[in-house]
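Here's a structure for you.
Chain IDs A, B, C and D follow the sequence of writing; residue 1 opens each chain.
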Amino acid sequence: MTDFPWLIPLFPLVAFAINGAFGPRYLKKATGYIGSASILGAFAATVALWIGGVHSDTPDFTLYRWVSSGSFNIDIGFVLDPLTVVMLLVVTGVSFLVHVYSIGYMAHDESFARFFTWLPLFVFAMIMLVLSNNFLSLYVFWELVGVCSYLLIGFWHQRKSAADAAVKAFLVNRIGDFGFAIGIILIFWNFGSLNYSDVFGSVSDHSTDLMLLIALLLFIGAVGKSAQFPLHIWLPDAMEGPTPVSALIHAATMVTAGVYMVARMRPIFEVSNEALLVVGGIGAFTALFAASIGLAQTDIKRVLAYSTVSQLGLMFLALGAGAYTVAIFHLATHAFFKALLFLGSGSVIHAMQNQQEMSEYGGLWRRMKWTYFTFLLGGLALSGVFPLAGFWSKDELLASAFFKGVADDGSWAFTVFWIMGLLASLLTAVYTFRMIILTFHGKPRNAELHSHSHESPISMVAPLVVLAVGAVALGGAVGFPPEHGFIHDYLYKVPGVYHFAGAGEITAVISLAIISTAVAAFGIVTAYAVYSRRQPSPEAVAAVSPRLYALLYRKYYVDEIVNYGIVGVTKGIGLILWAIDAKIVDGIVNLIGWTVRATSSLTRRVQTGQVQNYLFLIAAGAVVSVGAFVIFR
Amino acid sequence: MAELSIIIWAPLVGAVLVLLTRSRSSATAVAMVASLVTLAATVAVIAGFDRDAFGFQLVEAHDWLPAIGVQYKVGIDGISVLMVLLTALLTPIVIATSWLTINKRVKEYMAAMLVLETGMLGVFLALDLVLFYVFWELVLIPMYLIIGVWGGPNRVYATVKFFLFTFIGSVLMLVAILAIYFNTQTFDVQVLPDRALAESLQGWVFVAFFLAFAIKVPMFPFHTWLPDAHVEAPTGGSVILAGVLLKMGGYGFIRYVLPLTPNAVDDARIWMMALSVIAIIYGALVAMMQRDLKKLIAYSSVSHMGFVTLGIFSQEQVGVDGAIIQMFSHGLVTGALFLCVGIIYERTHTRMFSDLGGMARTMPVYAVVLAFFSLASLGLPMLSGFAGEFMVLVAAFGWQYWSGVLALTGVVLAAAYMLWMYQRVMLGQVKNVAFLRLPDMNRIEVMALAPVAALVVYVGVSPGTFVDFITNSTARIPFIY
Amino acid sequence: MSIPLNAYLLVGAILFSLGTLGVLMRRSVLIVFISIELMLQGVNLTFAAYGAFLEDMAGSMFVVISLTVAAAEAAVGLAILVALGRRVTEFYVDRLDTLRW
Amino acid sequence: MTDQIVAFTYLSIVASVAGLATILVRSPVHSALSLVVVVFHVAGMFVLLGNGFLAAVQVIVYAGAIVVLFLFTMMLLDLRRHETERTVHRRQIWLAIPIAVLLFAEVAWIAISKPETSENLKGAFPPQTIDELGGSAQALATVMFTDYLLPFEVASVLLLAAAIGAMVLARNPDEESLASPPDMIEDAAGTDESSEQSERELSETPATHG
């Protein structure tokens, strides 16, 4: 399988081509099956690649020469190593389940075919992004993934909010790519090539602050794509897209591209501690920041969106602490249970006639048993309760941050980050169970809607169950003995993936595990205390501390700042420049025209029609010439 | 052996024949045949084009004014091959779509278009400074007529402005050509680079050439004719104006300014880069605030052509190659965009954003096509816009990192105004009830845009095949560091 | 030939300037014509003087030619005047300014 | 020698005064007459210069023809009302006088400063050869029909053109039909047809009468 890896991206590409060309008119519903089948094919090919045994020094597979102009030679090719395989497994696996789910979810949508044209294109771009073996093709598919998210967020393009959200998503991504592109070009000029192997090979013979600069620039790209602190504003708005899109793109695959990229660029980041500090810091802060906002959201998908931003923050915290394997492990588990939660919320929205406000929900557990149970399992996994996947990955993640902080190399900051991470996971537990209680428990707040609610069809519930199994089993199966689970050894084979040694003391690990479980339990209890017994309406909760609630609900006014600040200023400058262009630059041109006409009208005045004026001029001319003759003779 | 002459003069013969025809359909038919013959000849030449050859190929030289050594000399090399292909490809498309839009005086319109094609092809293929100048002026007349006769309400102002702007520039160029002749005793482009001009003279020649080509590109301060010309030009005129005419400026810089005045270029480089970066950002910001769809695309052209000049003056081979690819891709993409604008204008007779809105529902096929070309225009990877821009950015970084960084903001702004345009035109609710039931794109329009879309993807997916045409020719440009 | 050339030239200059003055000053068309003739007299005198002093017949030849010109000019001018006379009653130069933009 | 000087001074003074009179006098007739005086005195100077033929020609052509022509025209046009209006532009004077004075000053300056009559410029007709040839007329003739033949011919053509021009211009339109205002070009075309008609009529009428 290692000799024709191009099969994996080929499946979705073919599906895209077929659906795109024949979808709307001829195939209609069949596009769903073609799409799902192609992703299944890609998944099978990935498994084959995995079984085929891929180790860190499998040679890259070059596809074709992209461009060669003077010193600028770029080839498109694939890198085949454990990190790629793990990512591909996650991407194709979750994509397949989402495709199947979408057949049911989008059944009655009139542009069903268009949905199943863009979705496989997204999967193709994501696969190529993970597979590419050089910075340029990484950047190429990085942007292509951004476009697919633009197309899918703006899927219901009649809705203005969806169209705005799509544009916003693409622009924020592009701002992130701005830093990413500068980083890539700097790499090219300093390393002479853009292939990972060449660049990682010669990292040592470059100054550390150059590497810091490159690392930070690349990290800007990651922040843009994985919606970390400054550039997170697009993800909550991205919820305008259909729920399967949110589940696939804005939970499991695309947003994790940033984490994958930092993990892949480990040699660059590893060189400078400041870079790791920045990554960890942004991660921890975003985790806490997003979790706090999640508390106050009333739209079920927005809660999940902020939860994703928060979990991604934790992954970056792990990357900052140098624990790459843990970060990828958490990425994998998070992909499963977050996709589960999103699809679950999709099933709820589907049942409640597209009503996304939790204030209209309540008491749904009786009507939608399967969705309720899978949703509950997902919630428990997200909060990090003992046997489920979330516990294993999040616990190790916080442990790695703790050990990095404790380690003697002066990075005490990570202890602070560890505390922030802990707080974040506490808030995670609180908002998760607030969501579950508001949706499923208590009395139905909208009786009329409630009466219509019903369990989703089998094609939607089946993926939920599969994901639930993943959410439960995946953690233990893959990562059981912390640091020595299957995934760690598998990933560890990735060349030089750092496996921090501090985890030697079992007691410390166990004590950390106990602390995190306690935190999770405490979170769930508070959620129950606050929400389930007294069934307070969101207004009541807000009354407790109106200003704080408003702050959280308004997402720290970041959106407003950006809208008036950046967007407003740019438009303002645009208007000014346009005025300058119309008045000054064009003005000068017209001025020249006007002056020519003015002077000509002046000279015209000489033609008075009086013969004597002309004669006078002649005489004057004669005088001047004779005078000149006399003077200069 | 006379393929290039066939390419140049076939359209002119076609123009003459068109003038003899009677009905509107026969005129278009003859015009189509003429332009397709030219396209076929061009494809034949490109097929036979030897990519590794260094010098000019298929050179034909006949004495024209032997007294002062002026020859009718034509030849093709890497720098001009893509431009000739672009011209030969866009003209039949424009003639086909004009069949739908132009209904008065069709005969003269087709004739003007074909004469225009001859002029453009002549500019790209001429190897003699005087011949180049003749074709450069020849292009002006038909374009002046096309905008002036078949244009919009305010066409006279626009076309006179366009004519005077370009004409003043080219007059200065004539002075420079004469200066060159008096110092090197030859007009032959093959011979000129070996006879180095004196440093001081290079300065003046550079300034003269710069003015002529900067107006045509258009670079920052000289761009105000472009929006007016585009807004008033008929669809076909706009496509050719944006598609090919702007490239003559860039081509002129690469063919004449870089080889002939290398020292002057090296001195003036800081200014050229500054102007290009200003053009990129200025064009993008102003484009964002336009209320007229065609003006937005016109200003976006200013921004994209800013990349071209940035690439040309970056003194890197990858920059010049990127500039040529960017010109080729911009010709295709912006030409197609203007066709799309024409399609909307024919149906709704308005280009104002305030009237348009929610067209995606009424014209789904058109929505996909416009989305495709808008994404290509904002430089989406895997589409042609990205390849050229990225190579130019790499080159710009090589010299002054700030130019690269600022140019990159141009890329971000491009995404902003393009998507905002798409959103205001296509997405959201239909503002104007009259536009609820509009005919979607018909067969002719789809067939016209299909080859352009195919090329855009081909250039995007593997720009290498096109860059191979160019690298050996641009390698010969003497960069002074 | 005791009278020096300068004297003749001086008289020629006087006549010429008086003619110019007349042309520019007077309002009546006829007077303007006559002043032109006066200017020509000055010129003829100068030609003749130089012809005599340089002992070259070219001088008088020029006088003859300027004579023919003067005659032709007077004839045509007066013919125009007569034609004009049918339409216009008074011949003030500043009134006849229709030949304008 | 002194009589030449006396004659010259007399001639020059009278010529100047008469010149002044031509431009200052109110009525055009007087101005024309004073022009005659100027012509005569300039002719006198020609004689002083030893160029009798020229003097004669001057007198005959100028005084005889041109000024007479002027007087005829003045007769044709009834100039009675001329006297009432002012004869001079007030504004124009302030421009005219300085220009005239300046012009005179320059030319006078040249006249005074020793004009070039050096030997090498000398022509081929010193006074004694003129006498040998038999007077200024013969000398002029030899030059006119040899070196200056072309200008002579051109001058004659010019006179012919002027004569025809004057006739066409001054013709009185009343004789033809007054339907439309006479336009030069149509008029010219018109005359051909009307003249043919008139001939035909002439040729036919006798037949009918006959």
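In this text, a contact is a pair of C-beta atoms (placed from the backbone, for glycine too) under 8 Å apart; a residue touches a chain by one contact, two chains touch by 3 or more.
Given the structure is predicted, the values throughout are model-derived calculations rather than measurements.
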{"item": "Graph distance between chain B and chain C, where chains that touch are linked", "value": "2"}
{"item": "Chain nearest the global centroid, as defined over all protein CA atoms shown", "value": "B"}
{"item": "Remotest chain, chain C as reference, centres from CA atoms", "value": "A"}
{"item": "Pair of chains whose C-beta contact count is the highest in the structure", "value": "C-D"}
{"item": "Euclidean distance of C-alpha centroids - chain B vs chain D, Å", "value": "69"}
{"item": "Centre-of-Cα separation between chain D and chain C, whole angstrom", "value": "7"}
{"item": "Chain A-chain B separation of Cα centroids, rounded to whole Å", "value": "37"}
{"item": "Whole-Å separation of chain centres (CA-atom averages), chain A against chain D", "value": "102"}
{"item": "Residues of chain D engaged with two or more neighbouring chains", "value": "89, 92, 95-96, 99-100, 103, 107, 110"}
{"item": "Touching two or more other chains - residues of chain C", "value": "20, 24, 94"}
{"item": "For chain A, residues that touch 2 or more chains besides their own", "value": "612, 616, 619"}
{"item": "Topology of the chain contact graph, where touching chains are joined (line, ring, star, complete, other)", "value": "other"}
{"item": "Chain B to chain A touching residues, read off their complex", "value": "161, 165, 221, 223-225, 282, 285-286, 288-290, 316-318, 321-322, 358, 360-361, 364, 371, 375, 380-382, 386-387, 390-391, 393-394, 397-398, 401, 404-405, 408-409, 411-413, 415-416, 419-420, 423, 426-429, 462-464, 467-468, 470-471, 474-475"}
{"item": "Complex contact set, residues of chain A against chain B", "value": "24, 64-72, 136, 139-141, 143-144, 147, 150-151, 154, 157-160, 162-164, 166-167, 170-171, 174-175, 178, 181-182, 185-186, 188-189, 570-571, 573-575, 577-578, 581, 585-586, 589"}
{"item": "Touching residues (chain side chain A, partner chain D) in the complex", "value": "612, 616, 619-620, 622-623, 626-627, 629-630"}
{"item": "Residue ranges of chain C touching chain A (in the complex, touch as defined)", "value": "20, 23-24, 32, 93-94, 96-101"}
{"item": "Contact footprint of chain C on chain D as seen in their complex", "value": "1, 4-5, 8, 12, 15-16, 19-20, 22-23, 28, 31-32, 35, 38-39, 42, 45-46, 48-51, 53-54, 57-58, 61-62, 65-67, 69-70, 72-74, 76-77, 79, 81-82, 85-89, 92-93, 95-97, 99-101, 103-104, 107-108, 110-112, 114-115, 117, 121-127, 136, 139-140, 142-144, 148, 151, 155-156, 158-159, 161-163, 165-170, 172-173"}
